[in-house]
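What follows are several structures.
What follows is subunit A paired twice: with subunit B in the first complex and subunit C in the second.
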Partner chain A sequence: MSASLDKGVRVLKEVIDAPIASYFNSCVHCGLCAEACLFYTETGDPKYTPIHKLEPLRRIYEQEYTLLGRVKKRLGLSKPVTDAELAEWQELVYNSCTLCGRCSVVCPVGNDIVYMVRKFREGMSASGNAPEGIKGAAQRTITIGSPMGVKLPAVKAQMKHVEDDTGIPIPLDAEGAEYMVMLSSMEIINFPEYLGAIAKIMKQAGKTWTLCSTAFEATNAGMQIGNSDLARVIVSRIVDGAERLKVKTVISPECGHAYTALRWEGANLVGRPFTFEVKHIIEVLGEFQAQGLLKTEGKETDRLTFHDPCQLARRGGVIHQQRSLMNQVAANFVEMPDAGFMNWCCGGGGGASAIEEGEELRLEAFKKKKSQLDAVKPDRLVTACANCRIVLEEGLEHYQMDIPVVGLTEMLAEHIPDTATKSAEQQGA
Partner chain B sequence: MTIHNDAEFKAALAGLDTAGQRRAAARFVERVLDLTADGRVKAAVAGALRGELAETDRDGLFQGANTARVESFTQCGRETDWHAQAGHFVAKGAVACVKAPAAGENLAWDAAMHARMARTCQGVASGAGTETREAEAQYTLLNSLLEEQLKA
Partner chain C sequence: MTEMQFLTWVRGPGLDIAVALFLLGVLWRLIEIYSLGRKADLSAPRHTPGASGWHTVFRRSVPPPGMVKRSPVSYIGGYTFHIGLAIVVFFFAPHIKLVESVTGLSWPGLPSQFVDFVAVVTMAAMVVVLVDRINKPVKRYLSTFEDWFTWTVTFLPVLTGWLAVQHLLLPYTTMLALHILSVEILLVVLPFTKLFHAFTVFGSRWYNGRVNGHKGVAV
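So, the complex of A and B:
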């Protein structure tokens, strides 16, 4: 057994906790999880059955923690987990699993398969079997602080760009602000308009807000690769920043896994309750809407539909807010089949979009989204996740579907009357 | 009228008709065109610079530039290549030059912003910093364009 395999198997033994043991014992092999996974439904290949993706972990559980398994192991009757097998499983645990959680919610015995996959990833990561793309992202997170290598000067450049574009100052390190706005690397690099939209919305709502120079990056590569220590470091940076600035609420950006990492797992990762609240930007916008602080004018008249990011809707329970927001600015909003809680993933979550060798499979899986879109034939597709947005654009381009993709936050900001930002523009003039 | 700041710049661009906006957009993007090697992007800008485009030609140029835009996105988790990212923003600018205008959209302003982002990315890539003079260069370009229009 190689040193890396030894380490990986040791980690896998350690991550098998009571829930995982009960999940393996409870599985009735019904196959419902297969029908819930877009990698299975679109390829028909049984190896993509979610519970099968955990087979090496199941064998370790059986061999280490069950009486019969231990006896079989002692007698040499069980099949040990090997380096080659874990390498083969990389495709199943990373490329073909976006941690979308659809399998978990259809399981009739309540097995949280996503939880199991994430634990399995810890062993895969420890044994060196994570994909190079995700390893690189994790390494950059450690050395630079951002999975995509974004440094503070690039953020400041974007702030200046947005200030020029909107005429609204972008606060940095403003102590005592009500909200600390986080960004994902994707928004810094590809979608500067997101920050501009936040500036317009906050200004109209009359809220104080700030970016944080030591914690602007929300993306959690530790969660994607399966490394709790790294996930903890990333969350700790955000906690330190938020507490230094004494903010009341940290806003997770349009990035699914950033939200899950910070909102649902952050306090457990750092081992204490937060001194601030964590909300997704869509939750905050929903609150502004309910409080009458989001005043828009006009409506989009073309046919719009909404793609629910998995971590926001299924894993996060944020479902009605985005619909209410859509209805505020869209006169012709239509729902795709399975929209909301049971929406199908774009195919690029959970770090999958960072895996170059997984691109062909990702595009194959995109046929599920294509069928959803074909059912309603929208003029445009709206979403609330920067990663979904790019994966959707690539899939649409690949299948020659002329459907522009837009971010919900930006679309709302476009409907804020100019008078809300006029004074700032004039000041800048 | 001489343009000195973004408020005047934006207002002047908003006063142009669609053809004028395309011309201005193309001039802005032309300044950063050397940051991409993509022929589809260059073709779109060249088409917009030529002026009046038939609907089918414009649509073809749009499709090409838009594909270049999508292909040049930096994927989530991948290391940012700021040179390539500059090219991505040039592609976005080229799309603004040839896209069908939607209500309330200021194509030339959008193109100007994308061109500035492209220049900023170039600055990050080269290590030269992110302070650029692109905005001032755009004011000068627009001043010239408006003068040309007055003379015509």
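So, the complex of A and C:
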């Protein structure tokens, strides 16, 4: 057994808990999880059956934690997990799993399969079997500060640009602000409209907010590869920043997994509850809307539909807010089949979009999104995750579908009357 | 060994051994599984009505939207044979009498003819899901020796029981003895195979509902 395999197996033994034991004992091989997985439904290849993606983990469970399994192992009757096997499983655990969690909500015996995949990735990563693409992203986040290599000067340049554009100052390191706004690299580089939108929305709502110079990047590739040590380093930056600035709430950007990393895994990674709240921007906008702090003018008249990011909706519990926000600014909002809780993944979540060798499969899986879109034929597609947005744009281009993709936050901000932000600015001055 | 001796053994020592192994096996497996524990979730919970472990224990008995259409045989066949097994096992008058003789507990049974009918439907459903397992690429791909084996040990008690009641194939005494023996095999096998889902299904659904309910997601 190689040293890395040894380490991987040790980690796998550590991550196995009562839920995982219960899940493996409950599986009856009914195969229904396959029907919930877009990598199976679009390829028809049974190897993409979600529970099968966990086979090495299952064997380690059986061999280490069950009486019969231990006897079989002692007698040399069980098949040990090997380096070659884990290498083969990389495609199943990363390329063809976006941690979308659809399998977990259909399994009739109640197995939370995505919970197990997330844990399995810890062992895959420890044994050196994580894909290069996500490993690189995680490494860049640790050493440079962001998966795309974005540093503070780039953020400052963006801030300056937005300030010039909107005439609204962008606060940096403002102690005691109510909200600390996080960004994803994607938003800094590809979708700068997001920051401008936040400035307008906060201005109108009369809320204090700030960016943080030591923690602006919200994405967490450490979580995606399944390396809790790296994930902890990345989350700790945000915790330190939020506590230093004494903010009440940290806002996760339009990025699904950043929200999961911070909102649900963060406290567990650092080993203590947070002293601040974490909310996705859509949750905050939903609150502003409910409190009458989000006043918009006019409506989009073209046919719009909404793609639910898995980590926001099914995995994050934010399902209704985006719909009532859509209705505030869209006159012709139509829902795709399976929208909301049961929505299908864009195909690039959970780090999959960073895996170059997975592109062909990703585009194949995108046929599911294509069929959802074909059913409603929207003029534009709205979403609330920068990663979904990029993956959707790639897929739409590949299938030559002329459907522009927009972020919900920026679409809302476009409907905030300039007078509202201008007059508020004058009052503030 | 005569037919009577065989029947006496399976009704006496055989049953005692099987029930003892079953009870010890179940207890051992439950401890083996659930004593592994889990870490407390330190993230701040979101409370949503209907999102909890208990909700999922019940809710997961209902197919999620769109799923019946994707795999009708799994759902219709699955429901049929599970409900059928429950009726045959717990509502056949002689079975209730047996439980009463051991524990003193008793409840009303269903008419014998109805139970006969249910037994036939149950066997038919089990054959259908078996054929589906052979035909459907995903199910065939996932299947191991254990799947065929557990199907067999579940099917045999229903078949032998029905044959005994109908006085078919073998003399009643022999068939009854075979029926009891097949139940004993099922009891011994259950804790150590996927049949143990009969117990863990509740724990699994609860954990899933609990973990996701913490996020305010009703799964």
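Convention: the second predicted complex is superposed on the first by the 420 of 429 C-alpha atoms of A that agree within 3 Å, B and C clash if a C-alpha of one lies under 4 Å from a C-alpha of the other, contacts with A are read in each partner's own complex, and residues count from 1 in each chain.
Here is the rule we use: a contact is a pair of C-beta atoms (placed from the backbone, for glycine too) under 8 Å apart; a residue touches a chain by one contact, two chains touch by 3 or more.
The model shown is predicted, which means the values in this text are computed figures rather than measured ones.
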Subunit B versus subunit C as contact partner of A:Gln291, first or second or both or neither: neither
Which of subunit B and subunit C A:Ala21 touches, first, second, both or neither: second
First (subunit B), second (subunit C), both or neither touched by A:Ala34: second
First, second, both or neither for A:Arg272, with subunit B first and subunit C second: second
Partner chain(s) touched by A:Thr66 [first = subunit B, second = subunit C, both, neither]: second
Contacts of A:Trp264 with subunit B and subunit C, given as first, second, both or neither: second
Touched partner set for A:Met148, first subunit B, second subunit C, both or neither: first
Which partner reaches more residues of subunit A (counting touched residues only), subunit B or subunit C: C
First (subunit B), second (subunit C), both or neither touched by A:Ile390: first
Interfacial residue positions of subunit B with respect to subunit A in the complex: 5-8, 10, 66-67, 70-71, 73-80, 85, 88, 104, 113, 116-117, 120, 123-124, 129-130, 135
Partner subunit A, residues of subunit C touching it in the complex: 28-29, 32-39, 41-44, 46, 48, 51, 56-57, 60-61, 63-67, 70-71, 74, 78, 133, 136-144, 147, 192, 194, 196-197, 200-201, 203-209, 211-212, 214-217, 219
Residues of subunit A touching subunit B in the complex: 133-134, 136-137, 140, 147-150, 153-154, 156-158, 160-161, 164-165, 167, 184-186, 189-190, 192, 219, 221, 224, 348, 351, 353-354, 386-387, 390, 393-394, 397, 414, 425-426, 428-429
Of subunit A, residues touching subunit C in the complex: 16-23, 25-32, 34-36, 40, 44, 46-47, 49, 51-52, 65-68, 104-112, 115, 263-268, 271-274, 277-278, 314-317, 338, 341-342
